[in-house]
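Heads up, the next two complexes both have subunit A, just with different partners, subunit B and then subunit C.
Let's look at the complex of A and B:
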């Protein structure tokens, strides 16, 4: 059984966070809330998302799984305006998710979850922790997009730095400790990442909201942020690139 | 030669023109259309439609079936295509059902499967030399039509059925015809006269657009299947050479991704004045792309060909197509060249490789351009070589 009411914005946010990586997801439903974990087809990035029962206006559920096509869900959510509340109900018999927005009822056929395995979370060694306003990081990533396909992120004891290099141009964004919400780097950490992936992971975080970064040496990056008044949390992992030939 | 080209395209064009010219030095033309038609692009939505007709009768179908041109040279193509005289008749693209003989006959030619005896009376003598396009096949001189008549065409009955079904969407018609084995070039021809789709949406489509529209639609449909199939478990390298173009098609044991990289030597079609080799690429990863490919219609033509192969084998792979256009490629012959070359490459024996390193070695052996330069211009090779995967941790 699954029956819930949630603000349209929160559901839209969830789609914004997950859909850059995957289209079809398996959502795990428990009495405590909803969660999902998925990797992209290239096995480069992972998303781990949880929405607590408290993020919902109403929430009643047993343990179950919902397999859904996010493109379909997104097209339904386009019908909702930002203040709307969306009702969701799982119809076990016909295997459909019933969505009600105002007087509109839309039933979505669900996908089979039997082949969808839970991806394994890799072992990570990420000594540096940086918390930064999302908008500051996004500015640096956007500046890099036009000149290179990868950027280097470096954390030292007193600053966090982003660097991109093209054939002729470079981009450098240096954020000293006092401009960061938190910086804790016991050693110098540096890894290289794809700009395209990184930018799609920062974009769903809005404006000044804090984004926490865990960084290691030639290790994946972990990005963590809360939404829905801290009742929901998203974690991204992104595998690094190797220093060019 | 002084200009640096291997052979002079002007002379090649002139030589063939001088042979055709005496045959068409008249306002009246009688011949068998392969069948073939052309829809222009200039002036859209008012465009010039009309048949392509050579000045002789008989079975001329070969002239308009690129699927059969596997062993032709550039000279052959220029020779037989320059025989095609283009009649021009300006209509609005929405006038597909206009009560007008020239519109009707043009459409009938586009739907026909046999060569059709055609008579054309022009406003003036056909003028111009061979006309070249980047996507469409070349054709010969042209003139405005005053009067057009054709003998009875035989329809391709699959195409005819789609034409009379005015509820069937254009995309579904194209895909159904492809599945029934109708040649891609025939579908493209019928598509350009607005023979498919729901009645109110039917219109003439300029030849070059219809070529890419059809390549792209079929490719997309096949891609849906490709993404569901199990991955191949080896690296494959297919090699092929034609019209002084060298082709390598690489199949990778990864999820679907695709890239076409073209290298143009100086003095070739797309690099006429350059002193160094120009390289262009377009690519997509699993999710596909939303914008038109930078390198144009050839991207979609090759994508159709590789998905055709993967669908036959019911396998999924990542694919990279490399094209080295050498100086002997002096004239553009149309996008069919890319589609048919990739199809032909995939019919050959491939070299099986155990690793990406071996694949790169194959590129080094077959291509003149250093493999490092191919890597530098390839989004997918760079990704494979430099992007690590989560399961490595």
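Let's look at the complex of A and C:
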């Protein structure tokens, strides 16, 4: 059983967070809330998302799994205005998810979740922790998009830095410790990442919201942020680019 | 080549676009064989450079890989290793067919019978060590990964698919399903048009998916039973039982559960000897595979590709450059490591 009401904005946010990586997902439903973990087909990035029952206006659920095509969910959510409340109900018999927005009802045929395995979180060694306003980081990433397909992120004891280098141009964004919400880097950490992936992961975070970054040396990056008034949390992992010789 | 499961497979049409963003392990021998047999002139003469060296495989590898990559597919080619001793007979038979076909091709050419010449030339296609070396070299220059299987290429590719490292195995024959690949893609490495054998008719070829789980569900058998069905029909590793095709084999396994019971029931219990049965089952269910591979894509080395294809083998530089540009679609994956 699954029956819930939620603000359209939260559901849209969930789609924005997950859909850059995967379209078909398995959502785990428990009495405590909804969660999902998925990797993109190339195994480069992972998303781990949980929305607590408290993020919903109404929430009644037993343990179950919902396999859904996010493109379908996104197409119906486009019809919802900001501030709308969305009703969701699982129809076990016809295996469909019923979505109600005002007087509109859309029934979405679900996908078979057998064979959709839960990816394991790899072991990570990420000594540096940085918390930054999402908008600050996004500015640097956007500036890099036009000149290179990868950027280097570096954390030292007193600053967090982004650097991109193209054939002729460079972009550098340096955030000293006092401009950061938190910086804890016991050693210098530096890894290289794809701009495209990174940008698609930072965009869903709203402007001034804090974004926590865990960084290592030639290790994946872990990005963590809350939404829905801290009743929901998203974690991204992104594998690094290997420095070309 | 491979087992003939006929219409027993559950197929679904798909487009290259549906496979975008996915890693696909391509059965390299199967693809090369297709390139060598299809990419030929009207009278069956393969593409050749000015010194008469065959270049059909290089042409196929470059242009087909470029098209896959342009569709967002990330290919990895898997090459056969040492064949299992049980395959020796199949290989010897294929060699005989090729040699016979080569003779008939030349005869047809002398008579000016272009239609027969082409058909025979296709049958005479063969993958030499030189072709393998050149293919691997070209893939390296294109920045496309390839894996050397310890034994059967399809077994290795299927293992990678079972592990979740790749989404599917691309091959024309269905053996990868027996090897346990969750998804098989057919018609991936041939172009959109294919000539029907013996006719001047072209049909449109579209990729199709065969999902193991769905096929087993629809047939109501296990993978072990599917392997038993294949062994009854005949595989690259055993001859099969005379008079048993896909339909009959399915009925027998469905009714009697396994080969031993089925053969007993039809009074042919010695049609397949015990040792062969055990070995062939093992080949499919516990094949020799390796974890020693890296799936990494790199930017093509344009200068070296042009040196190899244009300078050495007289490919058109414009066409090669156009193909190379398509590899930029993968730039997001160049040097990109993976989470697992």
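In this section, the second predicted complex is superposed on the first by the 245 of 245 C-alpha atoms of A that agree within 3 Å, B and C clash if a C-alpha of one lies under 4 Å from a C-alpha of the other, contacts with A are read in each partner's own complex, and residues count from 1 in each chain.
Please note the rule applied: a contact is a pair of C-beta atoms (placed from the backbone, for glycine too) under 8 Å apart; a residue touches a chain by one contact, two chains touch by 3 or more.
All of these numbers come straight from a predicted model, not from anything done at the bench.
Participant: For the combined arrangement obtained by superposing on subunit A, do subunit B and subunit C clash, or do they fit?
Facilitator: Taken together on subunit A, subunit C would clash with subunit B, as the superposition shows.
Participant: In the overlay, answer first, second, both or neither for which of subunit B and subunit C A:149 touches.
Facilitator: In the superposition, A:149 touches subunit B and subunit C alike.
Participant: Under the stated touch criterion, which partner chain does A:220 make contact with: subunit B (first), subunit C (second), both, or neither?
Facilitator: In the superposition, A:220 contacts both subunit B and subunit C.
Participant: Could you tell me if A:83 is touching subunit B, subunit C, both of them or neither one (first, second, both, neither)?
Facilitator: Once the two structures are laid over each other on A, A:83 reaches no partner at all.
Participant: Mind working out whether A:115 is in touch with subunit B, subunit C, both or neither, as first, second, both or neither?
Facilitator: In the superposition, A:115 touches subunit C alone.
Participant: For A:207 in the superposed arrangement: first (subunit B), second (subunit C), both or neither?
Facilitator: Neither partner.
Participant: Just name the clashing stretch of subunit B against subunit C, choosing from 165-173, 255-263 or 327-335.
Facilitator: Of the stretches 165-173, 255-263 or 327-335 of subunit B, only 255-263 runs into subunit C after superposition.
Participant: Following superposition on chain A, which residues of subunit A contact subunit B and also contact subunit C?
Facilitator: Dual-contact residues (subunit A): 39-46, 119-120, 122, 149-150, 194, 220, 237, 239-242, 244.
Participant: Residues of subunit A touching subunit C in their complex?
Facilitator: 39-46, 114-115, 117, 119-120, 122, 149-150, 194, 196-197, 220, 237, 239-244
Participant: In the complex, go through subunit A and note every residue touching subunit B.
Facilitator: Answer in residue numbers: 23, 39-46, 119-120, 122-124, 149-150, 194, 219-220, 237, 239-242, 244-245.
Participant: State the interface residues of subunit C toward subunit A in the complex, per the touch definition above.
Facilitator: 21-23, 74, 164-165, 167, 182, 213, 296, 331-340
Participant: Could you pull out which subunit B residues touch subunit A in their complex?
Facilitator: Against subunit A, the touching part of subunit B is residues 254-257, 285-287, 372, 375, 379, 382-383, 385-393.
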